[in-house]
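Written out below as structure tokens is the structure these notes cover.
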């Protein structure tokens, strides 16, 4: 068994959550994982449909993007993933999809308002939306600059408290300590976007959730005083 | 066979309706039942996914929350369930979900308008929406206070005529004489919310259903003169 | 084999289209057929879920509602069906559902605007919406009066050209020469309602389809000069 | 094996994508292919449901519509397909559906705004919407004129860069070098329409995507400098 086989199998299984959870059509999404001990980033190959995808197709590279194993081209979004891994020190998995409601909201170039406790169970802020990329960057190294746009957006935000972002005019990126957590966050973001669209339709001027309720729900599930689940 | 086995199996089966009916993602919902003769409340354990859930995982406790059987932590919403069981004397089942349309509406902090006979087949009022909890209560015993918010909201309403509520900024709770009725009500509430969103989209100033039609539909199905179904 | 067995089996199969096509939850819909040669109306029993429904459960009655065969109570909407069969001379099947978009639109108490050719492939008018029933009728023979509301609504319309109606505040009824056509029309109406909601969302002041396009599409499929399909 | 068997099988399989992808109810869609070497256009027969459709039912004709093989009437939209094949020189497949969101938008008689990169991955313009057909054409050769409306709409547009159109008041037509590409484009258009409806709901005055971002995404996937996928 090869040294990357376990990592590739895991990334394969997380990629297969994309069609299972309805997060993207055809090839429009990708999951990667970064095993910092191995120094290996594994990611979906570019343009391969989920139906055809095999564990052995997963591309493995080092943190600079040099391919260590794999015969296929990696995802065209690879450089965005690498920028985030280099800067978000504890992140072990990243997901990019074109899920319908998250994209619909990202196209509005607005942050996703925190309207309720479903949102606050996962983060206490609006889901941030990056600035629209300026033309110099677009004509430069676009995928790397997409990563930089996200970094810029998180200059005063914690990537560990907010594990998701809307790239303006584009769509969602999510992450987490593991690729499984990153794909979970991709499902969460799509659901939060759908709920928020409904809330705006019902009442356009709905205020965002007050801080005390945000914190209450978040800290039920996160941090030293969490009391949700079985893990203690 | 243990004395709680039948109750646990029943609560297990009702919890499995949550994913089957599309009422919640991952672990975001729970069903409990209260067997008043046995003095036993059975509820889903906290943070266990429906895929992994087994009948033997169901936690049994007395009405004060002392565990009678079960190795896992009960749902983090347990105290809310217990408050309702203590005060809603004939209720035998309670459901909490994060179903998409009911949450979307609850986030608007408005009652769910009664627009038609589908609604009136089940209740003759708007589905009430609680007040937003004040900060003192949030920092107190939050889940118990969530129950108290519902009680406060029902001060002048009948919990037997209205078996559902929207907790402002949060989402739906439903109940009934049995856990099967409570889960039925959770499905109904999600559908009523979706229908009402459509009605508002079509015509923002649609009036609510007039009283005579409300009563006609409700009393076709409920009370001494009901003539719907086979049960007479 | 009983003289009504074929009719009952056919009505059973058409009722099972309701859950298959997602037209109603639980027991919220019913299909009937009228075999004018046999003098027999067959309809779903009241309050029986589609999961549990059997062909032998279908209730058979004469056109005045006297039961000819069947141990169960017929649908609580039976009198509405009978009024329509007595007055719509060529109708052989009727469907009532609580499909989500058709109900959402009916609750707005507006006719369903004809916006496009999908609509005109089936009828050249808005889908009419009845008046809201007055209180005297509601407190009278409600289900019979629901039929009368539909008749009143069709006073200047052809029930053979328009095989569907929205009952204000309530939901859709559809019909046709056969129960299979009636259930087809129920599916069509739900889809037309969903499409029209989208059109209104995109452009609130969208005009309705002009007459020449309505007629062109309708008469491609209907009447002496139809040229759609294989039936010539 | 007949000389058209492979073409018919291929067109059959593409037609079966319509129900699989949820692009149309009943018989409301059709796929054709044009094998220019064989001089043969193959298309779905009119009014045959996808459940009943067999490869042997596919109708084969020459570019003028003379039937070469097949016992059934071809799709009533055949003349529209033929007009496009005669004028769009490199097109090998055409799809017409009544998919819900694309129809909902087409009924608004507006082009489908390009709001984001999902759209720009496929085309750099709004999806054009034809003019509403004038009455003289409607009463003439309607299906041929539908093709002419599309040609008129593309007078200053490239059918190779924009492989989709909304026919005003009607619905989508898509095409491509192959029938597989055409059906892919039909799925894409439905998803773009749904995303755009969400974007308008969130923010009615959302601007369309700026040119630099349009071009960046399009040319990642198309043309000499494309770097998406495995095909180089």
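As written, the chains take the letters A, B, C and D, and residue 1 is the first residue of each chain.
Basically, a residue touches a chain if its C-beta (ideal position, glycine included) is under 8 Å from a C-beta of that chain, and two chains touch if they have at least 3 such contacts.
Note that this is a predicted model, so its numbers are computed, not measured.
Could you work out the angle of the rotation that brings the CA atoms of chain A onto the matching CA atoms of chain B, rounded to the nearest 5 degrees?
Fitting chain A to chain B on C-alpha atoms yields 90 degrees.
Given that chain A and chain D are copies and touch, would you call their interface same or different according to whether over half of its residue numbers are shared?
Answer different: the two copies use largely distinct residue numbers here.
How many Å are there between the centre of chain A and the centre of chain D, using C-alpha atoms for each centre?
Comparing mean C-alpha positions, chain D is 33 Å from chain A.
Please report how many Å separate the Cα centroid of chain A from that of chain C, as a whole number.
Averaging C-alpha atoms per chain gives centres 46 Å apart.
Give the residues of chain D that touch two or more other chains, as numbers and ranges in rising order.
197, 201
Judged by the touch rule stated earlier, which pairs of chains are there in contact?
The set of touching chain pairs is A-B, A-D, B-C, C-D.
Please give the residue numbers of chain D that touch chain C in the complex, ascending.
The contact residues of chain D facing chain C are 25-28, 45-48, 72-73, 76, 98, 100-101, 103-110, 132-133, 135, 138-139, 142, 169-171, 197, 200-201.
Can you check the complex and tell me which residues of chain C touch chain D?
Within the complex, chain C contacts chain D at residues 115-118, 184, 187-188, 191, 194-199, 201-203, 206, 209-210, 212-213, 216, 220, 227-231.
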